[in-house]
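Mind having a look at this structure? Questions to follow.
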Amino acid sequence: MKFLARVEVGHQAGILDPQGATVQRALPALGYENISEVKIGKSIRLVIEANSESDAREQIEKMCEHLLTNPVIETYEISLVELTGDAAENSAGE
Amino acid sequence: MKFLARVEVGHQAGILDPQGATVQRALPALGYENISEVKIGKSIRLVIEANSESDAREQIEKMCEHLLTNPVIETYEISLVELTGDAAENSAGE
Amino acid sequence: MARRVAVVVFPGTNCELDVARAISSLGAHTESVFHLEDSLGSAEAVIIPGGFAHGDYLRTGALAQFSPIMESVSAFAAAGGPVLGICNGFQILTETGLLPGALQKNAGLKFLCASVGLSVASNRSVLTRTTTVGDQLQIPINHFEGNYICDRETLAQMKANDQIVLRYTDNPNGSLDDIAGVSNEAGNVVGLMPHPERASAEILGSVDGLVLLESFLAPL
Amino acid sequence: MIDKATYQALGLTDDEYEAIVELLGRHPNELEVAMYSVMWSEHCSYKSSKVHLRRLPTTAPWVLVGPGEGAGVIDIGDDLAIAVRIESHNHPSAIEPYQGAATGVGGIIRDIFSMGARPIALMDPLRFGSLDDARTRYLVEGVVAGISGYGNSVGVPTVGGELVFDDCYRENPLVNVFCLGILPKSRLVFARAEGVGNLAVLLGSATGRDGIGGASVLASAGFDDSSATKRPSVQVGDPFEEKRLIEACLELLDEGLALGVQDLGAAGLSCAAAETAAATGAGMDVDFTQVPQREPNMNPIEIMTSESQERMLAIVTPENLDRVLALCARWEVRANVVGHVTDTGRFRIFSGSFTGNDPADMSRCVADIPCASLGQGPVYERPQARPLDHAEVLLADPAPELLAMFPDGTDLSGELLRLLSTPTIGDSSWVWRQYDHQLFLNTVVGPGGDATVLRLPDTERGLALSVDGKARFCRLDPNTGARLGVLEAARNVACSGAEPRALVNCLNFGNPEHPEVMWQFSQAVDGMSEACSALGIPVIGGNVSFYNESRGADIDPTPVVGVIGVIDSLAAPPPGMAFSPGEHVVTLGTTLGEFGGSEWAYVVHGIDGGSPPVADLDAARYLHGLIRDLVSRRVVSAVHDVSDGGYGVALAEMAIAGGVGASLIPEDDQSHAAWCFSESASRIVVTVPPEKLSEVLTAAADAKVAARDCGTTGGTRLIVNGVFDVAVSDLATTWRSAVPLALGVNE
């Protein structure tokens, strides 16, 4: 089975996000007074072959812990979509 | 109304993603032979006050075009969740 | 010669003093213009120097394009005034839309500070008017996002209009078509990733940058 | 009342707690004990090292500020002064290499501009375990990226450093950072709170729960997996915030708007506020509710001891406040009045506004201690013990074994190539190409030479900088090793024609509760003192990092020094190290068969033990004087100091730099192997045009330095007759690929 995985990497609670804070500070001057809590993280997409959704998730969790994120300062959220038919063939991930 | 918006920023088709390619290259050596199409982009979260979901979306689209992304090289995908009750109060965005 | 050169300073800009030093060694006078100002005064030329405007957060040049001074810079450029963006300044000019294309992360995914070989590809721009196509220059680069990219049509158009100003002789960052610097159609707005001000004194190892800066200051 | 478990968890001993009770005349509350625990930690109080550091020579006529302030400052003439400091960020870098190194850079830069100096140069002495370990490779990549990411963006060039690999650092890398700033003497400012009623203004980042009891506690305790719970939340650096802070603070000083400036480091606001007041004998009242908070619901302990980065405290008069706030607003720097100066001598923290002695105000007082008491921590004279096997170690000379393996007549080409392929000796440009090392247009000699040379703007003069540490020599004999480190840094600086003017040190050692470590420490301080005294170099600042342990063992004693020299006339760059054809190769100094702790014995052949090379201080003085003279007069065309890997490596580096070979004859009163790879101290290789040869030899004789004409440069091979013969291109390939290969990166 093939899955398209999206991993959203964010900041651990309490960890400074200088990028988000800077963009936040800049917004009012650009006419956006109604925006708050800007946070900038990473988004990772990949295609994974696995025996089941839970198998895929488990593998990606391990990858997140070891390679894709730094658990000391980052959090991650995984979402999976099974790719079937054409999508699985081309697995464009898009 | 308050919404939590997530903007996933990716690469325009045809634009190289050297970061994704590098992670992709590193994976087999770490025992992941089953991963392909790694793409690394940005994830932006923010809280927006707007009159309606469509109003919120429109504003964020404008922000994406003007500020949050560079259309020459980047794409974006917006998702919105309304924040209600407590969530809207604290609007922790998390 | 342009005697009064405005050097635009954003929070995070860091090459403004270096540019001023190199420019004044050529006998011109620089004035630093803070990004919050809305006028370039009586400047005859404008330089946006390198650095990390707004920390390069979000994207290089992304926030800087909205500073009040950029409207004046755009107007100055539209009126044919010479505008030069160096490194971060180049990134800001592409974000502002005064120059085509964009600059993405170096192909090697590392910051790169090194002297590189350049070849003049066009002498139609303000930066290269006094040079000859094919001239070889040795000038330092200093960037993480210097990998020039644009779509195919833009590239074809730039070639047709002779807008590719400088090329790397040994591409250090993956730039499309070895592009190190480009101009707008009229040739009065130029951006380049290498830092001419860093090649402005014998004791620093090269004076090739002065060749470019002299051209930039030369009478139109 | 605080219970025993609480104060012990904060790292205070029973005696220390009793001392606090005595100082206060009562039991401290939680906030007070939290402040004391940080300020009295090893990291902040230097309680184990203080008694030893007093032995370092710290004075010279040109020293404006010695150890004790944010940075040391020297007068360099022309109404200019130089501020310098070095610090370690070892433990944070082991946890999160990118942010650990980045915040190390941020912290050292604040120390410099808090004195009124504009930071213009960084250096990064780095030490890691061997690169065959995946985690080490991750640490190297992360640390270098962190220094690059922060340093480049904040706009301070990284102009030199060190890159050393030894397995004793496997779990405990050493990330030291050095920063130098320049200031008009009139802008020199101190961390002083003066004038009753003056305001304490907090500048910069909002305060979060960063490193509560953090960096300092972490740096003051054993560091292994079991301490995971002690890990504070990792601090993230914001170079853009710091860049704005630099500009705002320097502008405040230029406009005469700040009477005192202090950076916020360990123990955050509480330390900065109390220290600035203690410096003048004044008092300070702070309202913690005025501190901008990054996170909701922070308690006063968190607010007052947070180690959030990119914050400064400025003391300003009420009349100037509006101008201060406007200036900060222009630079988008947060500025909040958080307190005011009093004449009580006490440091008081309030919850909410306060006017002084109104009893209603006092009910909101949450801490009340004598300002000076935070700096009156304990001083320990910890037990020392020379390791039992020390004599034995010194006697285990590797020379007989090596010379038996490589008798004269053996071709040493392969040995030379093996040395060049060790990552410690190999080309470090993979590291420093990632650093902006040219900003400000001062870099005349950047990383890659013996010393970094910066021109001083608007003068004809220059500065020479070198950072060095000789840990393997220190392990064999800490006194000699520390001397050798000073000699090497001073020699590097001399090779650019500079007169050394100041030294800063970063003393990285193991657990001070181990008597052997304290012995090493004391010995190293003695060796450093002796060398500095002999060379006339004052120690103007330093940093002690204890509790560096890896795999259950203390690291090798690793004193790192930075030497700053002044070049009087810098009209042209000093001679580099590159060979050019048709010149004489002259060696200066005396070679002995000294292999103890050498790269060849230890790294290439795995032979441990022996004595480090002799550190003859007189010989060093003569040599440095000679080379300074030869270089200043530009009589020599190339200069290179001899260090790791001996003559073999020094000659190879000169050949690689010039792309030119040489044909040389080895010395005949030494074995060939010793001539090539011994690491005897105080040696330099120069090249000399034929017409200057006799002048150089005469000058050397006059200076009491042994000099020998070994042959001439030219051709494409480096040939030492009967010893080795290698194509320069092969030397270059091996040397250049050493680090990338070991890191597993394609270059």
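Should a chain be cited, it is by its letter among A, B, C and D, assigned in written order, with residues numbered from 1 in that chain.
Operating definition for what follows: contacts are C-beta pairs under 8 Å (C-beta built on N, C-alpha and C of every residue); 3 or more make two chains touch, one makes a residue touch a chain.
Values in this document were obtained by computation on a predicted structure and should not be read as measured data.
Student: With respect to inter-chain C-beta contacts, which pair, A-C or C-D, contains the greater number?
Tutor: If we tally the C-beta pairs in contact for A-C and C-D, the bigger total goes to C-D.
Student: Just the number, please: Cα centre separation of chain C and chain D in whole Å.
Tutor: 36
Student: On a C-alpha centroid basis, what's the spacing between chain A and chain B, in Å?
Tutor: So the centroids are 8 Å from each other.
Student: Using CA atom averages as chain centres, what separation in Å is found between chain A and chain D?
Tutor: So the centre of chain A lies 38 Å away from the centre of chain D.
Student: Would you pick out the residues of chain D that each touch at least 2 other chains?
Tutor: In chain D, the residues touching two or more other chains are 238, 240-241, 332.
Student: Going by the touch rule set out above, which residues of chain C reach two or more other chains?
Tutor: 54-55, 57-58, 63, 66
Student: Indicate the residues of chain A shared as contacts by at least two other chains.
Tutor: As it turns out, chain A has residues touching two or more other chains at 18, 22-23, 30, 40.
Student: Could you run through all the chain pairs that touch each other?
Tutor: Here the touching pairs of chains are A-B, A-C, A-D, B-C, C-D.
Student: Quick check: in the complex, which residue numbers of chain A touch chain D?
Tutor: Residues 12, 14-18, 21-22, 25, 70, 72-73 of chain A touch chain D in their complex.
Student: With touch defined as at the start, can you tell me which chain A residues reach chain C in the complex?
Tutor: Of all residues in chain A, those touching chain C are 18-19, 22-23, 26, 29-30, 40.
Student: Once bound in the complex, which stretches of chain B touch chain A?
Tutor: Answer in residue numbers: 6, 8-10, 13, 20, 23, 26-27, 30, 32, 34-50, 59, 63, 66-67, 91-94.
Student: Would you pull the chain C residues touching chain A in the complex into a rising list?
Tutor: Its residues touching chain A are 54-55, 57-58, 63, 66.
Student: Using the touch definition from the top, list the residues of chain D that touch chain C in their complex.
Tutor: Residues in contact with chain C: 148-149, 152-153, 155, 238-241, 243-244, 247, 330-332, 432-441, 443-444, 455, 457, 570-573.
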